[in-house]
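Scrolling down, you'll hit the structures one after another.
Each of the next two complexes has chain A plus one other chain: chain B in the first, chain C in the second.
== the complex of A and B ==
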């Protein structure tokens, strides 16, 4: 089995659940108290897919409403990004297309970016569908960090994309 | 006579019935007052009064003891604050012996640890290292004891991280202690370095040293990667110079990686074993 280590960043507005998604993915925990991330926090999780073992070094970057304000050095050398939005707060997804373009501009290269709509546990199926129709890009995953729904799946999709690129390089 | 007395008595009762009843009630009242007077007199007894006083006093003291923090806490705190503020020299004088004892205890412990290290060094007097230190003393003109003392306080290299400048990914690692998850440290360290660089906005300048408790982290920056050397203890200028020499030799002996956004097992193993081969005797060769 081949081993590879890659950097992944989690971006999005304040309090959309970035840290909670990571905590759920790595530690299977959902902290009930909200603690804002100051600056950033680095975590790691090893994911195994097919014939690869991938160390995802995850940079949990403090929430920014405007992605243009994310310091470039946080995204240097980044292989994949998860952009998180809060399904219950329109301001976090209204300008998603523009925010994604800003991220692409900062990274300066073609990298895998997934868009996740979090806090699905606070809405009904019908409400989620309504929100989906209002978002200008296709959601890659609808998640609930609180109940761990689709969290593992979200990171696995990204892991598979990263490994695919790595195997193409080889 | 008896008859006449009885007659007068009957007459008195007949004519002065109300007055007699009044006299009886006055007598009764006087008796009551005199008994109360006796009681008051007895209460004025100093012995009894002292007893009553003591009892009352004890009750009050008990109440105050139980409720003192609640009743006077704020005032006491305030008073102490004012007192400390107004009598700083006296406070220092009072605390100095206690602080002094603590400090001297700490120094004594540290000196004991140092003397143990020196004894250990002296034990190696006839070893290869001991001979090398003696030769060093001879040629440098520095006393052998001073060289041993310096050698004892010199920091030990415990960890080396070789990190990609851009991604913060760990390219290689040499560890004597396995402190923490090196991947996470490398990432955080890169972020701190980048933040400092960005905050001061000075091109060509980099973070070179970080200090945490007994640990000193010396950073050597190269265009696409950097080394973080984690020392436990003091890092003298001579140690830094020696480290630089080691780094330059390492660079000349190994093909260097370019900027990368993925680290494979081949890269990691290659640089980790190279670092181990190159630096494993760094602490031994002083």
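== the complex of A and C ==
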């Protein structure tokens, strides 16, 4: 089994559930009270997939409404990004396409970016579909950090993309 | 001028091998003879940048990094730079600004909650 380490950043507006997604993925925990993140927190989880042992070093970066304001040095050397939006709050997804372009301007295009719509537990299926139709980009995953729905799947999709890119380099 | 509560200097080889630390904030005694890249995720993820850090380069600056020790959260600013006398060594300087950042978190929290309230208060056009 080959070993590889990749830096992954979680981005999005404030209070969309970035930290909760990470806590659910790494520790299977969901803190009920919202506590804002400042600066960053770095965590690591090792996943095994496609003959690779992948250390995902996850940078939980404080929420920003404008991705152009994310310090470049937070994203240097990043291989993957999960952009999180809150399905219940239009301001967090109305400009998603512009925000993704801003991220790519910082990171360059040689990077895997997934878009996750979080807090699905607060909406019905019909409401989620309505929100999907209002978002200008395709959602890669609809998640509930609270109940752990699709959280592991979200990170594993990114892991597989990172491994695929790595194996193409080899 | 802001003053850090405490600071910690950790020295490691460019290859990642731990050299020494004063262990003021985080206890790195267990890293003796080991690679910091394997045990400190933040350094692991920027290892390629560190190996290319030149003497004339500006230090890598990572502000407000949250660290947990004995269930307590600290907020430190990290500066990573070349050792001024040993070209094969890098220095990780951690400055503990927990007191200031905890006040900032309280303000940021208040601001975020207010903004979310304003989002829901906006009437439909």
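The working rule: the second predicted complex is superposed on the first by the 169 of 170 C-alpha atoms of A that agree within 3 Å, B and C clash if a C-alpha of one lies under 4 Å from a C-alpha of the other, contacts with A are read in each partner's own complex, and residues count from 1 in each chain.
Operating definition for what follows: a residue touches a chain if its C-beta (ideal position, glycine included) is under 8 Å from a C-beta of that chain, and two chains touch if they have at least 3 such contacts.
What you see is a predicted model; the values in this text were computed from it and never measured.
*Asks:* Looking at the superposed three-chain arrangement on chain A, would you call chain B and chain C a clash or a fit?
*Replies:* Superposition result for chain B and chain C: clash.
*Asks:* Figure out whether A:146 sits in contact with chain B (first) or chain C (second), or with both, or with neither.
*Replies:* neither
*Asks:* A:44 contacts which: chain B (first), chain C (second), both, neither?
*Replies:* A:44 contacts both chain B and chain C.
*Asks:* Please indicate which partner A:76 is in contact with in the superposed arrangement: first for chain B, second for chain C, both, or neither.
*Replies:* After superposition on chain A, A:76 lies in contact with both partners, chain B and chain C.
*Asks:* Which partner chains sit in contact with A:55 here, chain B, chain C, both or neither? Use first/second/both/neither.
*Replies:* After superposing on A, A:55 lies in contact with both chain B and chain C.
*Asks:* Return first, second, both or neither, reflecting whether A:160 touches chain B, chain C, both chains, or no partner chain.
*Replies:* neither
*Asks:* State whether A:4 touches chain B only (first), chain C only (second), both chains, or neither.
*Replies:* First partner only.
*Asks:* Using the superposition on chain A described above, determine whether A:63 touches chain B (first), chain C (second), both, or neither.
*Replies:* A:63 contacts chain C only, not chain B.
*Asks:* Give one of first, second, both or neither to describe whether A:132 is in contact with chain B, with chain C, with both, or with none.
*Replies:* After superposing on A, A:132 lies clear of both chain B and chain C.
*Asks:* Which segment, 24-32, 96-104 or 114-122, is the chain C region that clashes with chain B in the superposed model?
*Replies:* Only 24-32 shows clashing C-alpha atoms.
*Asks:* Shared contact residues on chain A for chain B and chain C?
*Replies:* Touching chain B in the first complex and chain C in the second, residues 5-7, 39-44, 55, 57, 59, 73-74, 76-77 of chain A appear in both lists.
*Asks:* State the interface residues of chain A toward chain C in the complex, per the touch definition above.
*Replies:* By the definition above, chain A touches chain C via 5-7, 14-15, 34-44, 55, 57, 59, 62-63, 73-74, 76-77, 89-91.
*Asks:* Which residues, counting only chain A, touch chain B once they are in their complex?
*Replies:* On the chain A side, the touching residues are 2-7, 39-44, 55, 57, 59, 71, 73-74, 76-79, 166, 169.
*Asks:* In the complex, go through chain C and note every residue touching chain A.
*Replies:* Touching chain A: residues 41-42, 44-49, 60-66, 75, 101, 104-105, 108-109, 112-113, 115-116, 119 of chain C.
*Asks:* Contact residues on chain B for chain A in the complex?
*Replies:* Those residues of chain B that touch chain A are 164, 166-170, 181, 183-184, 187-188, 191, 194-195, 197-198, 259-265, 268.
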